[in-house]
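First chain A sits with chain B, and in the next complex the same chain sits with chain C.
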Partner chain A sequence: MSRLPTPITLPDVTPPAGPARRRRRREAATAWAFVLPSVLVILGLSVIPVLWSLLLSFQYSDLLTPSVWVGWDNYRQLADDPQFGQAVRNTLVYTALYVPLSIGLGLFLALVLNRRIRFVGLYRTLLFVPFVVSAAAQGVLFAFILDPEFGAANSLLHRIGVSPQGFLSDPAQALLVLVGISLWSGTGFCVVIYLAALQDVPRELVEAATLDGADRRHVLRHVTLPTIAPVSVFLLLWQTITALQVFDLVYVTTKGGPLGSTTVIVYFVWEQAFRNFTAGYGAAAAYVLGAALLLIAAGTRLVRRREDRRLKGATS
Partner chain B sequence: MTDLSHLPGRTADRLRPAGRTSEEPVARPRRRLRLPFSPWHLLLAPLALLFAVPLIWLGLSSVMSDAEINRFPPALWPSGIDLDGYRYVLGNAMFPRWFANSLIVSAVAVVSNLLLGTLGGYAFARMRFGGSRVLLVLMLATMAIPFQLTMIPTFLVMRKLGLTDTLGALIVPSLVTPFAVFLLRQFFLSLPRELEEAAWIDGCSRLRVLFQIVVPLSRPALSTVAVLTFLTTWNDLSWPLIALNHEANYTLQLGLTTFRGQHHTQWSAVMAGNVITVLPVLLAFLAAQKTFVRSITSTGLKG
Partner chain C sequence: MDAVHRVRGGPSRRDVLRGGGALALTGAAGAAVAGCGTGLGVDSDGVVHIEVWHGQTSSALNVVKRLVADFHRSHPKIRIDLSGGVLADDMLQKVMAGLVAGSPPDVAYIFGSDLASVARSSQLADMTTVVESGQVPWKQYWPAARDGVTVDGVVRAVPAVLDALAVVCNKTLFHRAGLDLPAPGWTWQDFVETARKLTDRGKGTFGTGWPAAGDEDTVWRMWPMIWDLGGEVIDEDTRRIGFAGEPGIRALEVLQALAQDRSVYVDPKPGGEQMYQAFASGRLGMVATGPWQLPDIRQAEIDYHVVPLPSFSGRPVTISGPDTWSVFDNGSARLKAARTFVGWLMRPGPAYLWDTGVGSLPQSRPAERRPRWRAHAAEVPGLSVFTEALRTARVRPVDRAYPKISMPFGEAITAVLLGKSTPATALRRCADEANAAMATVR
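Now for the complex of A and B:
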C-alpha cells in the first residue's frame, strides 16, 4: 500500500487564484461524482465485510441472536476439528492434482496447437468450450453421465468389459472424479493463455538457436520455456487460487460426501455458516483460507520480483 | 524427436509466389497447413473428441425419451427426436421464471458495469482529485480479497438493506467490479490525450467528451468487460445460493441444481433444462469467439 498523504504540510505551489481554482474544484467535484458509485459498491461491499468477517471470527454467532465475543476459541476449535482437518486435506489433494495437471496438459496442448496443423481452430474451440460451461451445468451433466446405475459412463465400461464404477458415490474415487471434471473444464483456459504467450516468443531467437544447432528439445528448454516463464508463474498462482476456492462443483455433485471425502474448505465454511448457523466458526475457517491465499500471492510476488531482477541483470 | 513432417510445410511457404505472401508475412506463425496429414492428429483428434463428448451427450440426452435413458444399458444414441423434456421444462412455471431472473441480473450487471466502469475508469485515468491515488490502490487491493472471506458478512449487509431473497441482493454486489474500473482505466490511459483535450478546451463538458470521443474509441475494452461480466454473472452459483430462499427468485444455475433433486427420474427434462442453461453462454462464445478469447487472455495476463 502506498504512503498516506502527510496531512499538515502546505502545498508548495500557491493555490491558483480565481477562476482557475474554481475550475479545479469543479473538476474534482465532477471526478468524485464519476467514481462515487463504484467506490460505494466496491469498497462498501469489500472493506466492510472483510472487517466484519474478522470480528465474526472472534465471536459466537448464529446470524440471528446477538453474538458473543469468544476470542480465539473459534480458531482453537478449528485446530482440533477433524472435519476441518479433512476439508483442508481434501482441498490440498485437489489442488496438488489439479494445478500441475491442468498447467502441464495446457502447456503440452498449447505447444502442439502452436504448430501448423489443419483444424487447429476447431481443436482450440473444442478444448476451450467446456471453460464457459457453468459449474452448476457441469455438475448436473456429469452426475448424469457418471450415475453408477444407469449412467452412460458405466454403460460404456460395460461394453468393453470393465465392471461398473461408483464414481462420485465412491469415497475412494469421488475427489479424483472431481479433479477430472475440473480438468475437463479448466485445461482449455491454460491452453488459451499459453497460446497467447507462445505468440510472443521471438522467432529470431528460435531461428538463431536453430542455426546454432539446437534441436527442438533444446529450443523448448532454453528459449521457449524461459520466455513464457512469467505466464507459467501467473497460471500457477491463478490455478492454485481457483483450486483452493473450489465450491460450486462440489455443491452440485457430491455436497461434500460420500463420507466427507469431497468436503473442501469453502464447502466447510458454507456449511458452518448457512447450514449449522455457526457463522463465527465459519468466518474463522474462511480467514484461515484467506491467510493461506494471501501468503501464496505474496510468495509469488516475491519470486516474480526476484526473477525480474535476474532477467534485468542478464540483459543489461 | 525426429519429426521432419513440418519441413514440406515450411518449404512450401518459402516457395509460394511472392505476390500471395505479401498479405500474410511468412514470419508470422499463421497456421495454414499444406500437409496432407500430420501425426499430431492421432493425438489431438481423440483428445478433442473426449472434450466434446460430454457436451454432445448433453445435447443427445435432452432429446431422448425417458424410457431410452432409464433402460440399462442406456441408449447412447437417440432413436428419434423426443421433445418431451423441453416441453416439460418450458411448461414448468418456475423454469421460464428462473431464465428471466438470470437474464435480468446479467443484463443489469453488464449495462451497469459498462456505465459505472467507464465513469470511474475515466476519472481515475484523466481527472485530478484529492485522494485519487489512495482510492485507486485501495480498490486494486480489493481484487485480491477471496469471495468466501466476504460472503457471510455480505449476506448480513444485504439483510440490513432488506434485500435478501430478492433479485436486488444479486444485482447490488454485481453493479460494478474493480476489474471493470481498472481494465477501462488502463485502456483510457493508452488513448492519445490530444483527442480529448481539444474538445474540452473548446468547452465540451467532461461527460460529453467521455461519451462522444472516448467511448466510441474504446469498443475492444468495453466488449471485454461486457463479455466477462456476462460470463461470471450468468454462471454464478454460490452467491445466489446464499442470498436467495424462495424458488420463485432463483436464477437458472440455482434452479437447475434443485430441479435435478426434484425430478430425478425425469432426466430428459433435467438435461433439457441444462441445455437451456448452457446455451446462452455457448452461443455468445461461438458468436464472439475472438473477443471472448482475447478478453480471457488479456485479463489473464494482466492478472
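Now for the complex of A and C:
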C-alpha cells in the first residue's frame, strides 16, 4: 500500500459539464438558502433603512403625507439653525468631557484594582454594577437625588455648608451633571477593559525594567502604557461613539432642557422626527452625525495604520 | 465515491430544505387564500380580530381588561387583542411608526394634543357615524369633549378621558398658615399672595408647584390665563400665535411673581411627577391639576379642598385636555369591528365603569345626571367642582401647528420660572420661533 503523498492538482478550468454543473448550482442554491434569512435581516434592518433615511434627508417629509424632494435644503437649513448649532455644541462638550474623563478614571481605577488587595473581587464587581444599570433607571434615580428642593444631594451639601445647587434645573450645570451621571455608569466599562489589558502586560518586561532600575512610574510610562495602547485606542473610539450617540439619559432626565442646555444631536433628531413631524430634517441631522462618526472611525484607522507601519519600520 | 457521507435513514439536508421551502410556500399560499376569502384579521368562521393599544397601567389596565371581557361576552364575533401596545406617553411615536410601516393598530389611545398630527394620515377613520348613533345624543356631550375630537369640522375620534383643571388645596397647610380656603371667583393675584403666605422654606413647604420640563404639561396650564385675557393660542389669520403682547406677558408675569417670591416649586422632571409627589407628601399648599390626580391624593390621606382655577376677570375659565380613542382603517371588516367596540364603550354602562375606573369626568350631561354618577361624586370630595368646571372649559386648538407653538412657549415659561428671562423677552423669542415654524406648516 502506497503511503506516498498524492500530488495536488488544480481543477479543470473548463466549465464542468452536465450533472457536475447542475450539482454545483444546487450546492450554491443550498448555500443561499442557508444564508438567505441573515441576508434578509441585514438588508431589511440595516441597509434599506440607511438608504431610505438618506433619501428622506433630501425630502420634506412628515412621514404620513406625500413627501416633497428638496435636495440639499435640509442640510442648508441645518447650517443656519441655532438649535442644531446648540445641539452640536452640547454634544461636543459632552464628548470632550466624558471620553477623556471616563478613560482616565477607568485606567486609574484599573491600575488600583490590578494590585493584590483584600476584597479586590468585590471592588471590581461594585465598580461594574453601575454599567449594568439602564440609562432610564439611572435617569430616574439621579433626578430624585439631584432634585434642587427635595433631593438628597442638596441636603448633603447644606450639611457641609455649601449653598444649594440647581443641578439639572440650572442651564449652566445640567450638561455637566449629565456628564457626571454618565461617568458614574460608563467608567466601569473602561475599568473592565483595562483590567483585562493590564493582565496581558508581559511580566518579563516589567521584571526586566525593574531590574534595570525603573521605578513604578517608569514602568507605567515605558512598559504598561505602550503595551495597552491598542486597548486605549479602542476605548477612545468606543467611548467617543457612545458619547456622540447619547440619548436615553437626556430623554429620561431633562428632555433636552432646561432651555436647550442638554439638547444633544440624537435628541434633536428625535424631536424633529416625532415632535415636530419634520422627518426629512431629522434624517439630515442624523446623517450629519453619521458622517462625523464615519470620519472619526476612518481617522482612527488611519492613525493606527501609520502607527503599525512606524513600529514595523522600527523593528525591521 | 460521493464526497458527502449521508446519514442513512434520516432525511438529507437538501430534503429538509426542500420540505421547509414547500411548507413555507404552502403557508404563504394558505394565508393569501384566507386573505382573499374573508379579509385580513378575519377567521374562517367569521370572527374578526382587532388590535387595541390602550396605553394604560395598573388599575386602569384592570378596567380595560374587564371591559374587554364584557365586550367579548356580548360580541362573540369580535376578538380584541390588547397586546403589542405601548404606554400612553409614547403612543404617538409608536402609532406613527405603525402608520409608516402600514400596520397601525385598529384602536389607539391618543392624547388630544396629538390628534391633529395623527389626523394627517388617511388611515384615521371618520367617527361621525359612531358618535351620532350613540345612545346619548352627541350634542349632549360636553363642548370640550366634542371639540377635542373634531379636526377641521370632522369627528376624527371618540373622547376617552375627559378632565378639567382646577386647584387642589392642602387644608392642613392652609390651617397652619392661618389662611381661609380660596373660593370660586378668586383671582391670580389672590393665588400669588396665597402661595407666598403658604411658603415656609425652613420647613420645606411651597405655596404651589409648576412643571418646568418645557413640555406640554408645562404649557397647557397657561392657556386658561391667555383666554381669560382675550388671547388665543392661534391668531385668527391662522399664521401667527394669538397671545403675543399683553395676554402672553400678563400670564407669564404671574409665574414671574411666583418665581420671585420663591413660592413655587419648579419641577424639572418630565411629567411633573415630582410635583405631585411633593403635594402628596404635604409639601405643597396648592396644585393646579385634573381629577386624575384625586385617587393618589386620597391615598396619601391629604385633607384637601378643590376650588376652580383663579382668573383675572373674575369670570370662570378653565381648560380641558380630553384624550381620545382613535380608530384606524385596516380593511372594512376590522374597521367595522373597531367602530363597534368604540361605540360600545360610549354606552352608559361601560362608560360609567371606564370613567370611574380611570378618573375621568362624565363625558355627557346625561351621564353626569345619572344617580350612579351622583353617588360616586358624593363619595369623592371635589369631583363635582371639576365636573362643574367643564361648563366653562375650552380645549387647545386641534391643529397640526400646535406642537410648533407648544415647544417655544414651553421654553419661554421655563425661562421665566427659572428667572433666566423677563416675560417680555421670553415671549418675543417664543413668538419669533413659533411664527416662523407655523409658516412652514401652512
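Criterion: the second predicted complex is superposed on the first by the 284 of 316 C-alpha atoms of A that agree within 3 Å, B and C clash if a C-alpha of one lies under 4 Å from a C-alpha of the other, contacts with A are read in each partner's own complex, and residues count from 1 in each chain.
By our rule, a residue touches a chain if its C-beta (ideal position, glycine included) is under 8 Å from a C-beta of that chain, and two chains touch if they have at least 3 such contacts.
Since we're looking at a predicted model, the values are computed, not measured.
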When chain B and chain C are modelled together on chain A, clash or fit: clash
Comparison of chain B and chain C by chain A residues contacted: B
Partner chain in contact with A:Trp238 - chain B first, chain C second, else both or neither: first
Contacts of A:Phe247 with chain B and chain C, given as first, second, both or neither: first
Which of chain B and chain C A:Asn276 touches, first, second, both or neither: second
Touching partner for A:Leu63 - first (chain B), second (chain C), both, neither: both
Touching partner for A:Thr30 - first (chain B), second (chain C), both, neither: both
Contacts of A:Ala143 with chain B and chain C, given as first, second, both or neither: both
Which superposed partner A:Val39 touches (first chain B, second chain C, both, neither): first
Partner chain(s) touched by A:Val129 [first = chain B, second = chain C, both, neither]: first
Segment of chain C that clashes with chain B, given the candidates 43-51, 97-105, 205-213 or 241-249: 97-105
Interface residues of chain A shared between complexes with chain B and chain C: 30, 63, 143-144, 149-150, 252, 274
Touching residues on chain C, where the partner in the complex is chain A: 13-14, 17, 21, 92-93, 96, 99-100, 117, 120-121, 204, 206, 212-215, 265-266, 268-270, 274, 278, 283, 400, 403-404, 407, 411, 414-415, 418, 420, 437, 440
Chain B-touching residues of chain A, taken from the complex the two chains share: 1-2, 4-5, 24, 27-28, 30-32, 34-35, 37-39, 41-50, 52-53, 56, 63, 109, 112-120, 122-123, 125-137, 139-145, 149-152, 154-156, 158-159, 184, 188-189, 192-193, 196-197, 199, 203, 216-217, 231, 234, 237-238, 241, 245, 247-248, 251-252, 265-266, 269-270, 273-274, 279, 282-283, 286-287, 289-290, 293-294, 297
In the complex, chain A residues that touch chain C: 26, 30, 33, 62-65, 143-144, 147-150, 166, 168-171, 252-260, 274-278
List of chain B residues in touch with chain A within their complex: 1, 3, 6, 9, 27, 29, 31-35, 38, 40-41, 43-44, 47-48, 51-52, 54-55, 57-58, 61, 69-74, 76, 116-117, 119-120, 122-124, 127-135, 137-139, 141-142, 144-157, 172-173, 175-178, 181, 206-207, 231, 234-238, 241-242, 253-254, 256-257, 260, 267, 270-271, 274, 277-278, 281-282, 285-286, 289, 292-293, 296-297, 300-301, 303
